Amino acid sequence: MEALKQTRHIGFWTGIVFFALMAVLAIALESSSGGNTWLRTLNNIGIFTALALSLNIILGQTGLFNMGHIAFFALGAYVTAVLNSVLGWPIIYTLPFAACITALFAFVVALPVIHLRGDYLLVVTIGISEILRIAFVNDIFGLTQGPNGITGIQRIELFGYRFMSQFAQFYLIWGFVAITACLFYFLEHSRFGRALNYIKYDEVAASGNGVNIVRYKLIAFALGAFWAGMVGTIYAPFIRTISPGLFEFKESVLLFAIVILAGGGNIVGIVLASFLLVGMRDVLTMFGDWSMLLFGLMMVVIMIIRPQGIMKPRRRQYNAGHLVGKFPSGIGKKAGLSAGNQAEVVE
Amino acid sequence: QDVRIGLMAGLTGPYASEGQDTKRIIELMIEDLNAKGGINGNKVQLVIEDDGSSPGTAATAATRLASTKVPAVIGTYGSAVTEASQDIFDEAGIVQIGTGSTSIRLTEKGYERFFRTAPRDDEQGRVAEESLNKLGFKTVAILHDSTAYAKGLADELKAQIDKNGRVNTVFFDALVPGESDYSVVLTKLKSANPDAIFFTGYYPEVGLLLRQKKEIGLDAPIIGGDASNHVDLIKIAGKDAAKGYRFISPPLPTDLDTPVTKEFLASYKAKYGTYPGSIWSVASGDAFIALVEAIKAKGADSEAIADYLHNDLKDVQGLSGKISFNEKGDRVGDLYRLYEVDGDGNFVLQPE
Amino acid sequence: MDIFITQLSNGLAIGSIYALVALGYTMVYGILRLINFAHGDLFTIGAYFGLTILVSFALQGNVSPLIIPWILIIMAAIGVAIIGFLLERVAYRPLRNANRLAAVVSAFGASIFFANALKLIYSPNRQSYPADIINLPNIPIFGVDIQSKRLIMFGTAVLLMALLYWYINHTRTGTAIRAVAIDQGAAKLMGINVNKIISLVFIIGPALGGAAGVLMGLFYGQIHPEMGFSFGLKAFVAAIIGGIGNIPGAMLGGLLLGVVEAIAGGYVSGSWKDAIAFGALIVILIFRPTGILGERVADKI
Amino acid sequence: MSNTSSYIEIKDLVVKYGKVEALHGISLNVKKGEIVTILGANGAGKTTLLASISGLIRPSSGTILFDGQPIQNIDSAEIVKRGIIQSPEGRRVFSTLTVWENLLLGAYTNHDKQKEKDILEWVFTLFPRLKERLKQLAGTLSGGEQQMLAIGRSLMGDPKLLLLDEPSLGLAPLVVRQILAAAKEINERGVTVMLVEQNAVAALKIANRGYVIEVGRIVMDGEAHALMHNPEIQKAYLGG
Amino acid sequence: MSLLSLQNVIKKFGGLTAVNDVSFTVDEQSVVGLIGPNGAGKTTVFNLITGNYAPLSGTVTFRGQVINGQKPYKIVQQGIARTFQNIRLFQQMSLLENVLAGRHCRMHAGLFASMFCLPWQQREEKSAVERAMQELAFVGLDAGYDNEAGNLSYGNQRLLEIARALATDPKLIILDEPAGGMNDQETAALTELIAAIQKRGITVLLIEHDMNLVMNICQKLVVLEYGAKIAEGTPEEIKSNPKVIEAYLGTSDDE
């Protein structure tokens, strides 16, 4: 592909290698006894990774403080659950509906509040997700079955194959993560992705350079929600019973933490941070009463060890080296303006 | 060869005290059983997973248990939590005996290997309406806390009331559990002016309601469901405010006079120094007894156990009364009794 | 009408607690822009400290009931202030130069840590303050009996707010606190010891939270290890709604939240009251994007 | 050159930003009562030098003596207390505080009320515009007004050594002259001044001595008068 | 015909009239300077032109169309680019990406094309990078295209802002104190740069306090004081205008 030849997409190849290793790991786990638990942990991580990637578009790339992302996930899962359990649709058909309804919801609720700055937006997103959760608890429109939630959601069926075991779902979930990572990676390395970053760093300068801020912010919200809605579709048949208790505010904060810990919206960082936080939360349960205490402690410690996030924010690489010195200089070196004034790097 | 049994309980999370007590009871019973030689000479081994009292964690815990290939699992407390694990155990073909999960739909979904030792909400709703009528209340305010269990019971009670037409519902609403101040809802209740208030939620809220009801000057008595059957209720409300509080619940082991319960209580007291605080942890003991019977008869195979529990287990003496299951997996027999709190904070069983 | 006034007083009472927690929140938040999730847990710790002191020194019966609350409040405030001070040192200071959201993650971790530490120390079960520590008569206002403890809570909140407002806006140190909040580097050039100022804020804020925790236990009775999270969250929301860094705003936000909840719970439905309260707050922000009392903004281009 | 009467004496100062070394061993001194100007192109390290004197950056090696005491490892707050006050590059006014509050903060370490009042009067005569705008938020002032505020604020601390980092930046020609005149006046009141300026002619006019920094090294120094007439300087910094 | 014209523009902040009934025009292909004392309202006039503020009354006309009240991003699309007095670069991004920001309004790839790497999107990217490098070279910063903008020295940050503005293909470029923080020699180089910009057929409107630069390069000057226009004319006329001397220049006795 043109894109890969043109630039040094190290991240892209890292991704390929990573997913290959994961596939091997899954096979090893499947054939070992007790590996099922680990597969489930991996699947949990996969779900959260996909979610964090979708939040990353909003929070990591655009700098919109969305601390209610779990709401979009919940909405997607509920749409799927209702369509499946009430109307009997196969799960896979519900996917576009879950995604679109969630995106539409995000768009509509974001519209009046998108102009809010930083923490004001954060509070609003918290509010929206709590309102939605309470609506689910109160059995809104008689569809969500209240606090009990919706049970008996079918498994996903594709081309006659039913994704039942953890092993099968592993491929489903991580396949989705891989596609997501790939598409979002391309997105980041484009005009669109840059525009989101411009907004994050300086709205005034962004709009002064022709970026339609409101439009991009809304699209970022809707896109993040669209994806979270799809993850909801995958999650519902994975967990098979969904209830409002699964979508509490703390989960939003956990997602938020994953994106921050990842460091500067870095995709590889997000995968690692999901492993670290979600994986640890699962693994630490073996310490019983002490597990959450340790989990909290671990979050503090990790942050202190890596204040800038697990991964350094990697600047996009452009294949422009060959263009240096090729164009005429309008002012340039003869004036001594720019040359030689940079302090030198010492190792 | 050892027999392995799974236990899924909320060792952490909001229902941790139930979960911890459950764990103690099952561990104690296994200890006693193994001391007597186990099941047909085989020692019993327990595999415990914490469901964190939350549906999400429960699903993970259930998968863990399923992957250990135990034939049967006891647990858990809380209908929503149980519900999150049902599909997983069902898929794995494992027998599950719910303990403190009373929501109706748990046994209405046609699972072949799901049982429970807790009675169902419709049964409790029926008894609740019966009691309200017997106590002579004409108007009642129903209050729940939006949790799966409490909402279910509230709906059931309301349905029974509407059906029989002997009592009038003048108020139906929820409070938010875990808060500290319920004066808003109490003020609202006061203005509805009911003869009695039926609260279907859990003991901590009952405690606060009782305490704050007094402060706000609301006289109508509160009557509760089985989730308020917990000794901590008195601590929270204070003896004064708790006096006269009534609730319906399966009987406490201390109120039962069978040799099985007596032996159990003595052993519990000897080990832990107190009596068990909640009926639901005791219900897990019932589940254990039923399981042991089944394994004794048919061996540690899930299908055989399920079959035995459905068809062959009849009126085995448990900790909270006789145990048998119907074809849906529900416990058979009427268990509910009315309790009242006396001036010293004791739960006194009311004569039927 | 009576009912309305009673509901209003219900709302103002719980709103006072929100306001107190929000005041501490806004102090810390204003200076570091740190969403200190652990603040709610500091509040809980205050409540547990109070209970421990009450029980272990057997205050009840030996000391006049009028003095007990003050002993508890002051001791708990001191204890929590120490924890707050340490918390900043250990969990936030190393992150001072990182992205400000990094400290939010650390704060969330600290919050989980505190809540679970409390569970391990005191058991996960709920605990209660004895029901009969303070028995005060009701006071009729507009012909409605209002519990005097509510007036005390409301009064305490207003008093502390006024003190804090005065301190921040009319003292040299207060101005220094605000300067640090805006630009730490420039503050250093004024001769302000930034570390000291931040430590100071992490003493005042948590002390207020701890005091609120004791009030909560004394007047509502029951406490549990997880209660701080939702309280902290609501207080945070209240502080933002009031206008970031705005002390009367935090107070107003807290009271408003309490009242909206009470009215929604009293006249619409208990199960929807939180949703209505959040909805109302969102609507406020749509029309006042920098909070009720507004935040000072100077975005000159 | 090292001299016991130096008020501030810097020896072999090396400063790094991560891997980037901005100062490669700078030595200079300023005597009490002098105005010394630091010249240099963009990115030469002038701001870095002032920042290390003020204690905002820890040098990786070298010493800074102020009044005979080493201060290179001392907290910036303490340095300000000892009388080294800086008006930083880019103004750094407290944007959401009023002009008045900004001035008060300038006097944070100054506990003498009467003196504070006197200086305030003086600042107002230097920059009457500030007096008109006492209640305005500093962030909404025009660029030049902010610069006036930054300088006024630094005077409020009653400096012994005043560090001015490009004070004429963004000011109208008339005001530039006023500001440099003010620097002279400040100096005449007994304050030692280190002045970083792009406007080399104007700076050298009021200074006693000057140093020229290039890419983190001092390449020239001398009496202001001599520097002004140095052909190399004229070519490089005086627009030729 | 004039490229840009302001007619009776008024802007108030609370009680303060920052721009008071200002009118002037900017001819195509010219360099016009806007000068005046600090706080006279120059930057505010710029903000009114670029849509960051909307005027209370009056009109701003660009290429025959009224543009006041439009959003900044629309105005950039129509051909007005700017730099900021308080430098507003994307500090953590590379020089190249900063300049690519300028290209944004001339590119078309949307969400879908970007996500799926459509071939035309790739071609567009490639040519945008080339164009951006061209602008970087124009200001002499191409060698360090991959460095972080925030690490540039002040003067170079100003140049980068100019490159970014040029990348938008402007008809009119608006520079707010481009020589701020530059020494005399650097300013002389900047003067050349502005001349080169003019030679590219781009009209320049600038605010500057450096009189050497202004007098050297501007064809016309507009002088503001307390928000109002007090003079307008060629540099020679302005230099000797007593009002301007009193309000702004001062008597250059000693220079």
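Remarks
Just so it is clear, A, B, C, D and E label the chains in written order, and each chain counts residues from 1 on its own.
Definition applied: a contact is a pair of C-beta atoms (placed from the backbone, for glycine too) under 8 Å apart; a residue touches a chain by one contact, two chains touch by 3 or more.
Computed from a predicted model, the values in this text were never measured in an experiment.
The chains that touch chain B as well as chain E are A, C. Taking chain D out in thought, with all other chains where they are, everything left is connected by touch in one piece. More C-beta pairs touch across the A-E interface than across any other pair of chains. When you average the Cα atoms of each chain and compare centres, the chain farthest from chain C turns out to be E.
Compared with chain A, the chain whose C-alpha mean position is the greatest distance off is D. Computed from the mean C-alpha positions, the centre of chain D lies at a distance of 30 Å from the centre of chain E. Chain centres here are Cα averages; for chain C and chain E they lie 48 Å apart. Averaged Cα coordinates give chain B a centre that lies 76 Å from the centre of chain D.
Averaged Cα coordinates give chain A a centre that lies 33 Å from the centre of chain C. Touching of two or more other chains is recorded for residues 137-138, 204, 289, 292, 336-337, 341-342 of chain A. Each of residues 12, 146 in chain B touches at least two other chains. Shared contact sites, meaning residues of chain E that touch two or more other chains, fall at 43, 52, 84, 153, 155-156, 185-186, 188. The part of chain B that touches chain C in the complex is made up of residues 12-14, 16-17, 143, 146, 173-176, 178-181, 183-185, 187-188, 190-191, 204, 207-208, 211-212, 215-217, 232, 235-238, 240-241. By the touch criterion stated above, chain C contacts chain E in their complex at residues 301. Listed in rising order, the residues of chain C touching chain A in the complex are 33, 35, 37, 90-91, 94-95, 97-99, 101-106, 108-117, 119-120, 229, 233, 236-237, 240-241, 244, 271-272, 274-275, 278-279, 281-282, 285-286, 289-291, 299, 301.
Across the complex, chain C meets chain B through its residues 3, 6-7, 10-11, 13-14, 119, 123-128, 130-132, 145, 147, 216, 220-224, 226-227, 230, 261-262, 265-266, 269-271, 273-274. By the touch criterion given at the top, residues 34-37, 40-41, 44, 137-138, 146-149, 151-152, 164, 166, 239-241, 243, 245-246, 282, 285, 288-289, 291-292 of chain A touch chain B in their complex.
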